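Letters A, B and C mark the chains in the order given here, with residues in each chain numbered from 1 onward.
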Amino acid sequence: MEGVFAQTLASGLLIGFVYALIAVGLTMIFGVMDIVNFAHGEYLMLAMYFSFWAFALLGLDPLFSLAPIVVIMFGIGILTYYVLIRPIISAPMLSQIFVTFGLLILLRGIAQFLWKVDYRMIPETILSGNFSLAGIYIGIPQIVSALGAIVCNTVILLFLKKTRLGMALEAVAEDKEAARLMGINSDRMFALAWGIGIATVGVAGVLLSSFYYVFPEVGGNFCLIAFVVVALGGFGSVVGAFIAGIIVGLVEVLSGFLIDPSLKFLFVLALYLGVVLIRPQGLMGIK
Amino acid sequence: MGHFYEEGNLNGATENLNGTGLPTMSDFLVVNNVTKRFGGLTANQNISFSIDRGQIIGLIGPNGAGKSTLFNCISCYYNANGGSILYKGRDIARENPESVCRMGIGRTFQIVRVFKEMTVLENIMIGAFLKNTALKAAEAKAREVAELFGLTGKLDVVSSSLTIAEQKRLEVARAYATEPELLLLDEAMAGLNIQEVREAIGLVLKLRASGLTLILVEHVMEGIMPIADKVVVLDYGEKIAEGLPNEVINNDRVIQAYFGEKYNAKRRKSAA
Amino acid sequence: MKKGYLALGLFLIALVVYPLYFTDPFPQHTMIMILLYATMGIGWNIIGGYTGQVSFGNAAFFGVGAYATAVLLTNYGLSPWIGMVIGCGFSVLVAVVVGYPCFRLQGHYFAIATIAVGEIALVIFTNWQYVGGAVGIYLPIRQESFWNFQFHTSKISYYYIILSMFVFGLAVCHAVERSRLGYYLRAIKDDPDGARSLGINVQKYKLYAFMLSAILTSICGTFYAMYVLYIHPSNTFDLMLSINLCILVLIGGLGKLFGPVIGAFLFIPLTELTRVHLGSEGQGVDMIIFALIIILLATLRPQGLWGIFTKRAT
């Protein structure tokens, strides 16, 4: 019994790191320009497909396709900003919701059209198999993903806190007008936020593709979980997203273990409602 | 009742009397030691004053003095942390904006807000609906109010197409349609040219003549000083003066607040 | 004005005679689906279009209506018409319980909350054995009659029932438009804080709108249960249904009486077309088209396609 419990905890922790990674991009974009990207999960799906096709058509293991895909996703993020988001930066919230909602439908439709609805899976990656530690069996892809997520989150955090560009980004997130007065071009910062945000979720996508099914609707549930993480961590807080991701991962597996596996998702969603109704600013939120 | 809005007409405008014909109610509104804090910042500190029914009160002070905060406390967009606000004898400090409106307090906002997607008529109707629940009645009332405010020609114009001065007038008309007894106008004359200020003055006076009590937050001195029965001056969250306009203008502390110590010292020196 | 009423009259007459002319089941079914979605769209429009509160969880009302009807018929033998009323009651309850705390939330937080509620409902009904769990409920076949809400020989009676519901929905929305409620809802959408300064209890009116939305969606759930006679969580508490309602009102015209109607008349045929004619090749094409329309309208013309055909004095 103890072994199963530890097993559960471990898997929750590992997936939690990935949840954190997915949420980081979402919270960054919101923090910098107050826009909720309802299409966030679809970018995850895109990256997963890129990774799959890199494997299926080019024989590239996700380990090697990671870097080029991240670059592509960064570019897609910037493109999305300039084409779709910039025109509606000052539009009413309703319009903003509908644009990213439309983006969600668009990306999913494109995926269904190009790649059909079948479930795909990368059969075997370089880093695969199981790993045993003190009686706990963990899939190696899951560990690699968790490690990758931790590394990526740390890089982003360091970028935001230690580099000039990162601090400029945080400045814009905190007070756009003041930042402008200090010579920071908020337009470029917004584009950068989108680029980094989408690139981040791209990393998560490639990591996930090593052990998760790939299909057009895969982004949906992950996006919803990302919303929970962002709300719990505090809209706009990267550190908050990191901590909250782990919490959400643990809540998911523990509620499945202690109560009922088929109700896991319910508790995660209930967590969202609980947070926004009781403590809307989340754990570390400033907004 | 006649038209409120007549371009450039100030006949009988400068009398500071309660000409409403209603019995004077002392202490129509009593602001009693009102304090409002935001975290570490005290925006209003122990503000007290009272006004009578039918008066026009000016609320002035340098930027950041806490005037709009006080307005928000009276109209209950904020709830004061301390003190009480007695409106017609009842403490409203802990109420919410919609119930306070139903009790008879109307307001406009510092940055003009009208319903941008709706026409002038529809905007006023929203106000009229408070006391006129049926569509026909609300529409009729709104047309009446529009006439009084000189907006009849623009009834079907979407409000976002109006000039700022017209939008401000619409905002007042809309609040007027709720049939208030006390009207709070927040910087209603900001950005108006001299002609428009004169028209606004006429409007305010006619509103008072129809039975309203008014408090105006203003920076446009030539708009408020000629018509106020009493002026309350705020600075750094505190009330520093209260009295007739010409008393307040010559008040040491008031001059200091607006122009600084150096100027005040110079002025006193040259006056001596 | 007169032209509008004439057009409306012709439209309704056309709808009434439609099944007499198109006697095959397929075109009748298609029109039934259009009217069904249009009615639910009208329901969504009241809360999403007029009041500006985007809900991605209206399928919950559909499911509650469907399940209430199914359970009451299967377990207690109650007529589906009674089930419809009770279903509405439950749906209104859900609307109040969800709306009361959640309408405090800002726009996008509310939207996400509605997704959460819808998905929670899905999980609950999938795991609730009393209502059949993941398998759902097969409704008992009864003798064909209006009271039993079942017709086995032709779809024409179903058609006229859904047509009546559709007209009912239009009437409700029209009444709302020309009432204090309707004006207040538009004010709330435009500027909720400004609305409060005019004495409007924003919370209360949002709840009213949500309750109306619940009722119109719930009766459609009841209809659907009696039309397909087999319901399960995935065909009732479907997130895609909630999303599709949003899509069809967006393309047809937010906050306009006939927006959902135009939207449904575009949405259903287009999805059918791509599914039937393009088959697996065309998968997703309809979504792409809708998405482009939505994005274009959201960035350029928020009034929808309806707004393009009607002019407003500016």
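Structural remarks
Going forward, contacts are C-beta pairs under 8 Å (C-beta built on N, C-alpha and C of every residue); 3 or more make two chains touch, one makes a residue touch a chain.
Model, not experiment: these values are computed from the prediction.
With centres computed from Cα atoms alone, the innermost chain of the structure is C.
By number of C-beta pairs in contact, the leading pair of chains is A-C. For the pair subunit A and subunit C, the distance between mean C-alpha positions equals 32 Å.
Here the spacing of subunit A and subunit B, counted between their Cα centres, is 50 Å. A straight line joining the Cα centres of subunit B and subunit C is 45 Å long.
Residue numbers of subunit C whose C-beta contacts span two or more other chains: 189. Residues 75, 77, 96-99, 101-102, 106-107, 109, 113-119, 122, 125-127, 129-130, 133-135, 138, 156-158, 161, 174-175, 178 of subunit B touch subunit C in their complex. If you check the complex, the residues on subunit C that touch subunit B are 178-180, 183-184, 186-187, 189-191, 193-202, 312-314. Against subunit C, in their complex, subunit A makes its touches with residues 36, 38, 84, 87-88, 91, 93-99, 101-106, 108-114, 116-117, 216, 220, 224, 227-228, 231, 260, 262-263, 265-266, 269-270, 272-273, 276-277, 280. By the touch rule above, subunit C contacts subunit A in their complex via residues 52, 54, 101-102, 104-109, 111-113, 115-117, 119-120, 123-124, 126-127, 189, 239, 243, 246-247, 250, 280, 282-288, 290-292, 294-295, 297-299, 302.
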